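Same chain, two partners: chain A is paired with chain B first, then with chain C.
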Partner chain A sequence: MIKSQPPVRGDLYYDTDTHVWAERAASGSIRVGLDPLGAETSGDIVAVSFAADGTRVRRGEAFGSLEAAKFVGPLIAPVSGVIRAHNADALARPGLINRDPFGAWLIELEPGDPAELASLLTGDAEVSAWFERERDRYRQKGMLAP
Partner chain B sequence: MLRVVDAGDTCAARSQALWHGIASAMTAADAPVLSLCRPSAPYVCLGYHCNVEEIDRDVCRREGVAVLRRQIGGGPVWIDSDQLFFQITVPWQQAPARVDELYERLLGPAVEAFRELGLDASLRGVNDIAIGDRKISGTGAGRIGDGVTVVGNLLYRFPHERMATILAVPSDGARAECLRLMRHRVTSMETEGMARPADADVKRALVSAYARALGLSPTFSVLTAAEEGAIACWEARVAEPDWVAGPRRPTAQLRQVKICADVFVVAGATGEVVVEASLVDGKFDRVQIDGVGSAARRIEAAIVVQELAALPAALGEFGADGARVLELLSSARRIA
Partner chain C sequence: MTLLTLGRRPDALAPPTERSGGMIDRLARFGDRIEFYAPGLKRWQTDEWTPIKAHRFVSVSVTGTGCALSCDHCKTNVLKGMIALGKRSLYDVARDLAADGTEGLLVSGGSTKSGGVPLEPHFEDLRRIKDELGLHVIVHSGVVSPRLATGLAAARVDGVMLDVIGADETIRDIYHLDLTTSDFERSVARLADAGLTIIPHIVIGLHAGQLRGEAHALEMIRRYPVSTLILVVLTPLVGTPMENVPPPPLADVVGFFTHARATMPATPINLGCARPLGAMKLALDKAAIDEGLNGIAYPADGVIDYARRSGLRPALYESCCSVTLPSSVVGNRSGT
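Then we have the complex of A and B:
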């Protein structure tokens, strides 16, 4: 059960189906990670793997995998692009994703279609409202501590 | 409807491909599928993120044992015809988002079936089916395509020695400790003093328990053309060298073997310091340290019965030697 969640960040872009966040860097690349609810509902993450740098992924396709409690699930790209980098720290110490989901980014993409980012949820008010709804939904299902 | 696919006795690759293919072919509109099979030949199966170096491939080659990789989690496992496998696959939209809830809902019926067979089974930890503290079923789960599959087996008999032999561990001592703990904590119907059941009776109990738990009527079914196609692809893939090599992962400083929920053997070295230890129910059980001179036995005594989280305090008085041991043991991953 979750004890405390980091404050949600309204400056990021969220895929509301997969709980993956995206952040536009000054260089134009897109940094991608798992949001706190995605990390929490996964359980204790013990392994992640990523497609090789240089791999082209389309929005909605897996760019890697995550393992917790012997469950392996796909990490889904929120936007299309070419993987330019991955976070070696998260790869070596996947527990970082549980501890610091906004800090422990996973991959950086060179976006194929910058307009795709606009279809994701962003903005302080919108993100906070969605996050609260999701948190309530998970709590009602007994998936988060009250 | 609960579709039941009984594949009977299958070769090693098909015993894995069966449920990978069923999950791959699943769509949101499909009924859950309970698939059943018993591998006809022994093989070693690696969890998706498991490093291939965790097994001794020379031993596998020498014994003619195939090595496959599955797209669910966990470590390397020994599989043979003394294990009956069940797999429940549901559209991912119907699966609980939370992993512990997924296991509770989709392994709970197997626990009921085992109890019907006379075993005093319960769910232990997140995903072990156990008799007391002894695991009697290897389990795992994953999302493959649009299907989520929870896999389990019932161990009729388990060859602890052969399993210990195929593990790549740094020393004979670590292997002996793996074997000791496996004998204590991995059981089978034979070890529990029960007669080997007929496969048909186990399958009947599983089908009935899953149908009851899911509130669905069981219908025995053949594979669809889409499933057959997907299974054929997976049958080739699970043994492909590139697939068996696994995803790119960093090499861990500490070798960690999971015996069952909350039981691990860890072994590793940093510089001249060599550490081998076992963790049982959250506490260090046996510890052996070399390469720190005369302090070794005192450091071992300070670690035994401690929890991982208590090590910094327990090792504080041992200066640089304690710090090196702490660095090694702190890299132990938590594997549920």
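Then we have the complex of A and C:
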């Protein structure tokens, strides 16, 4: 259960269908994680698995799976690329994703098409507005407490 | 895709070489059909099964997240995943859901201090939901008063679910109710007298992970004409006093599966949606099949195939495991 969520980060890139965030690292790789709404609406996360390092995934394909109190299903890649690393801490202690969704990244990708990142949502104002709309939508659907 | 292992690789599942007595008896009485359920109570999909219309069966709380009991194992967490009425009537919420394609409702809610879900103000709405919208309606009753049983029967709800607790100390210490097991048996009796379809639940390990009154609950339930017995397993929830309580030992739970199957051989017994996740869920689901249970809600990945390899014929329903909505059948998996 999440007591309070961290403020939304406008410097990241978000897949608005899956609530997965992406961050461009200085090395050129893309770090991927689950955003606070994705984590909160999943409930307590008890297990996570990732495709093996070296696996090539395309945007929209599963790079792993997640098992939580209110969500069981695949984790979807926001961009295409080759998995270069996974977060062993998140794998061993999946509850970290609930507690610190921006800190508990999931995988790092070597991007196949850097232009894909530009198609994701980013920017303080845009991301904040989207989060508010999503919160309302989840509340109406009973997925978040009023 | 090669996944990093979490000790739960579906392809590692192999059925036992020898069938249990429960499985043999179950095959003789019920045939080789096993039912799997995926209601829209949470977002869920596995490699084996992606629900087509997840909101076909959803849950609504008539109290929102309010509950006078706030029991140690839940602390209203379960209510947070349900659709709240807000300022709308139950009928209005149901009408909107029906317009969006929902075909069945679990009408639930928090408890009053006397242990019942406050459904009385909604009797007329329940009747209208049945008569005017044609939805399938299951309710969570909690402890049943004569008035509640009569009202639910008049509303013609399709089924009533309630947890039957078989130990006074569990009622007192976990539910914080000044009641005894007799009150729970009386609840079942009132539902039976009213001619309602009864779907009792037994929460295995409810007493902080220990098995206390489960066998007694089973003894009480077997005296009445219940339609389906649902077994669920204590799932320690984060943010509750039980968050650090270990779930009941797997061997104890499996032992109770065996006991329940033997005690109620002619009654369908399903493994309900509340149970620990991860490796324990996979082990529980596998045991449910091995011990001859009839159905499983939200089967762990690989379990549908395990059932097939155990000689069973899986049928998939996008509904609650207390009902088999004919329209919610989404597939039969014979493996052929």
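Operating definition for what follows: the second predicted complex is superposed on the first by the 140 of 146 C-alpha atoms of A that agree within 3 Å, B and C clash if a C-alpha of one lies under 4 Å from a C-alpha of the other, contacts with A are read in each partner's own complex, and residues count from 1 in each chain.
The definition used in the following text is that a residue touches a chain if its C-beta (ideal position, glycine included) is under 8 Å from a C-beta of that chain, and two chains touch if they have at least 3 such contacts.
No experiment lies behind these values; they were computed from the predicted model shown.
Residue contacts after overlaying the shared chain place A:Thr55 against chain C, while chain B stays out of touching range.
Once the two complexes are laid over each other on the shared chain, residue contacts for A:Leu91 go to chain B and to chain C alike. In the superposition on chain A, A:Ala26 makes contact with neither chain B nor chain C. Taken together, the two structures place residues 41-44, 46-50, 52, 64-65, 67-74, 91, 95, 141-143 of chain A in contact with chain B in one case and with chain C in the other. Residues 1, 41-44, 46-52, 55, 62, 64-65, 67-74, 86, 91, 95, 98, 141-146 of chain A are the ones that touch chain C when the two sit in their complex. Put simply, chain A touches chain B in their complex at residues 41-44, 46-50, 52, 64-65, 67-74, 88, 91-92, 94-95, 138, 141-143. Partner chain A is touched in their complex by these residues of chain C: 1-6, 8, 42-46, 58, 60-61, 64-65, 77, 80-84, 86, 235, 237-239, 277-278, 298, 301. Those residues of chain B lying in contact with chain A across their complex are 47-49, 71-74, 96-103, 126-127, 139-143, 247-250, 333-336.
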